[in-house]
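For reference, the structures are reproduced in the following blocks.
One chain, chain A, appears in both complexes that follow, with chain B as partner in the first and chain C in the second.
Up next, the complex of A and B:
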C-alpha cells in the first residue's frame, strides 16, 4: 500500500512538474535558433563583424591614431520583410566603437531635447549664467555612418531560406568620400520536421 | 450501449487533442459573422468620435493625428475607466481568437477594429494572425493534433479541422496591416508590410502548381472521380468568373505601387504597376501608371500631387451549402458541400470622385474581385474536400449499418439523426473582406481640396491636403448602411 502511494505520488509529481512553466536565465550571447526571423545572434554577429573590421582597416587605424573623429549615425534603411529595429543594431555598433576609444559620436535623435535644455539654461533665468552651456559650441561631425539592411526570403515546400545582407558605410561629410564600407551576410535555412504535436 | 459510450469517449478524446475550439462545428460560420458585420453597420458609440469617419455627412480630415488626440483626451473626473468601450460582440470575437480557428477570428477582429478606427487593436490582431501563419508554415508536416482533428472531422464534419487561412486572406492581412502602419505615419513599417504582401503573393504562386497536382493525385489514389461532381459546382465557376488564380491581387500591388512611387522608389513602383497590369491587361488606368512611372525613371516626374482613392465595396459573400441527400438501404445520408451561389454575389459599383463644381475627377476600377478569389480558392481545395467527404460518408454509412444491426430501433434512429445533423459544409472564410477592392487616382495642384465621393451607398465630402509630388490616399469602405472614410497621412520624399 505504501509502495503504491509512493508510486502514485511520484507519478503525480512527474505529471505536475511537466505542467509547471519555468523561468530561467540564459546566456545573452548564446546562439538563438528559435526560427529564421531576425534575432539576437544576427544582431551580435553583424555588430561584431562591422566593428572588428572597421577598427583594423588600415586607413581608419591611421586616421584614429592621434585623434578621435566625431561621427553621427544616420538611420539604417530597413528593406527586409520584417519589422527590425535597425536602431538597436547601430546602437550596439556605436557603443562598441565608443568603447574602443577610437571614435566619438554625436546623437542626432536627441537634438530637440538638447535644444530645449539649452533654451532653458539660457532663457529661463533660473540657471547661473556662469555654468550655463552656451549655444553654438557643439562639435560638428566629421563622418556619417549609414547603411542598408535587406533580405531575400524564399519559401517552398518544407524549406524556408532567409538571406540577410547588412551594409554599413562611413562617409566623410566634407569631401563626400566613403572612407570605409563593409557588409555582413547571414543565411538561415529552416526545414520542417516530419512529425510534431 | 457500451459501443456508443466508447464512441463518445473516442470522439471527446479526439476533440480534446484537436483543440476542439472549432466554434463552427455545429453553428454555421456565416451566422456567427453576421453579428460583427452588423456591428460595423452602425457608428460605434464606443469608438472615439473622430472627424475622419463620416456617414454621408460633412467631414474634414488632415491626418490621423486627430484620432490620437481624441483618444488621449482626459476623461471626465469621477467616471470609471470605461470597460464598456468594448462591445459584447467584439469581446466575443476576442474570446474566439484563442481557439483552433483563432486565425480566422483574428483576421475578422483586425478588420473590424480597423474600420472602427481602433488602430492599436487592429494592429495587434493582424500581428497575431501573421504569427499564426508563421506557426502554420513552420509546423511539422505530420501533426498529431491535425491528424486528430481530421479524425474528428471524419465523424462530424470538416469544420472540426483547424482553419487554415488561404493565400488571398494572408495577402489582405498584410495589406491591411500596411494600412495600419500607414495611418500611424510609420513609413518603414508600411514598407515592411507591403514587401511582405508581395512575398506572400510570390510564395503562393510557387506552391500553387504543386499543390493542385498533388490534390488531384490524391483524388485519383482514393478512386474519387472528381468530375462526377462538376455539375454541382457550376455556381462556383460562375462566381470565380474571370480570375486566373485564387491569390493574384492587383489591389495590394496597386497600393504598394502607389506607396513606392510617392517615395520615389520608381523601380519597385514600376514592378508592382506591371504586375497589376498583368492581372488586368485591359486597364487604361494601369497603362497610364506604367507610362508615368517609366517617365519618372527617366527624370520626367509629373507636377502636382497624387490623390488615390482605395474603395472597398460591401462584404464578400459567404459560402453557401449544397446538400445532397443520398437514400440507401440503411437510411438517408446527406452529403454537404460548401459552394458559392452566383445570386449571392453583389454587383460591382464604382465610387466617383467629384470636385466642388461637381465636375467628375475619377471613377474607381475593380482591382480585386474578392468573391471570385474565394470561389477560385474553394475550387482548388475541392479535390481534397471530396476525398474527405467520400471517406466520411463511408464512415457514417458503416456507423449507421452497425447501429441498424445491433442497437435496435432507437439506436438506429439516433444514429440517423446524428448523421443528418452532423453533416455540415465547411463555410468558414474571412467574411468582413470587401466584395470588391477598387482603386483610382488623379492629380491635383498643391493645397487643400474639397472632394465629393459619390457611391450608391451614400456620399461623403472630404477636405484633403495635396502636396506636390506627394501622395494622399483616401480609404473608403462601404458597409451596408454606412460609408467609412479616412484620409491617410501624406507620403512624400525618399524613404
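Up next, the complex of A and C:
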C-alpha cells in the first residue's frame, strides 16, 4: 500500500511539474513548428534556397567573376492571408549575398537620411571640406531584386494544409531583362490528434 | 501490483522518447578533396536508417559547392533536418549562425540529394550534420 502511495505521489509530482512555466533559450536555427503560420524556419529555408540557387546559376557566376554588381532590393509583394514581414526575408537574402562577396547593395530606405547627412556635411560649415562626402558620387544600381509571396490554405475537418510559394527575380534595370528567377515551395500540414493533445 | 511495473516502464519510455537527443551525422572533406571523417551518431536510430551514398564538391566561381546523396534504408518515410557547415583552411567555421537546419522528407527506401554553397570563398572544408 505504501508502495502504491509512493508511485501515485511520483505521478502527481510529474503532472504538477508539467504545469510550471519556464523561459528558456532555444536554437534560433532549429525547426519551429508551433503552428502552420509562416515562421522562422520558413524564412531561413527560403533565404538559403534563394542564395544557393542564385550563386550557382552559371550566368550569375560569370557576371560576378570579376566584379561585384550593385543591386537594389524592391519590396516583396505579400499575397498571403497572413501578415508577413517580407523585408525580413529580403534582409536575410541581402546579408548572405553581401557576405558572399559577389554583390553589393544600395539601400533605398535610407535615401532621405543620406541626403540629410550630405546636406549637413556640405552646408553646415562644421565638416572639413576635404573629408566631406560629395554629392552625385553614388553608384547606380545595375539590378533590381523583387518578388512575390503567395499561399494557398485549405481546411477539411481537423486538417489544415498551407502551401507557400516564394518567388524572387533579378532584373537588369537598364535592359529590363530578368537575369535570374527562382521559387521556393513549402507545404505545412496540421492534423489534430484524436485526443486533441 | 504487477500492473504498476509495466506502467512505470511505459512512463519512463515515454519520457525518454520526448527527451531524445539530436542525431548527428558528420562527414568532412579536406582541401585535397579527400574524405577525412566518417559518419558519427549519438543516437543509433537515425544513423541506422540514413546513410550518405555519395559526396561531391566543386568550385562554382570561387565558392565551394557541395552535394550529398542521402539514402533512406528504412522502408518508411524519414523526416529529418540537415545542416552543412563550412570551414576555412584553419578550421574556423564560417558564419555558424547563418546556416539553418533544412527540412527533408524522404520516402521509404529512396535517395535524395542535398546541396549547399559556401557562404564565402574562404571555405575549403565542409561537414554535414543531420538530426531528427
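The criterion applied here is as follows: the second predicted complex is superposed on the first by the 175 of 197 C-alpha atoms of A that agree within 3 Å, B and C clash if a C-alpha of one lies under 4 Å from a C-alpha of the other, contacts with A are read in each partner's own complex, and residues count from 1 in each chain.
One rule holds in what follows: contacts are C-beta pairs under 8 Å (C-beta built on N, C-alpha and C of every residue); 3 or more make two chains touch, one makes a residue touch a chain.
Fair warning: this is a prediction, and the values are worked out from it, not measured in the lab.
With chain A as the common reference, chain B sits beside chain C without any clash. Using the contact criterion defined above for the overlaid structures, shared-chain residue A:45 touches chain C, although it does not reach chain B. In the overlay built on the shared chain, the residue A:108 is in contact with neither chain B nor chain C. Touch criterion met: A:65 reaches chain C, while chain B stays clear of it. Looking at the shared chain after the overlay, A:100 reaches chain C, while chain B stays out of its contact range.
In the superposition on chain A, the chain among chain B and chain C reaching more residues of chain A is C.
Annotation: superposed on chain A, chain B and chain C show a minimal Cα-Cα gap of 20 Å. No residue of chain A contacts both chain B in one complex and chain C in the other.
Listing the residues of chain A that touch chain C in their complex gives 3-4, 7, 11, 14, 27-31, 41, 44-45, 47-48, 51-52, 55-56, 61, 64-65, 95-96, 99-102.
Note for the complex: chain B touches chain A at residues 134, 137-145, 188-189, 191-192, 195-196, 199, 203, 206-207, 210, 495.
The touching residues of chain A, counted against chain B in their complex, run 35, 37, 77-83, 153, 155-158, 160, 190, 192-197.
Residues of chain C that touch chain A in their complex: 1, 4, 8, 11, 60-61, 63, 65, 81, 83, 95, 97-103, 115-117, 119-121.
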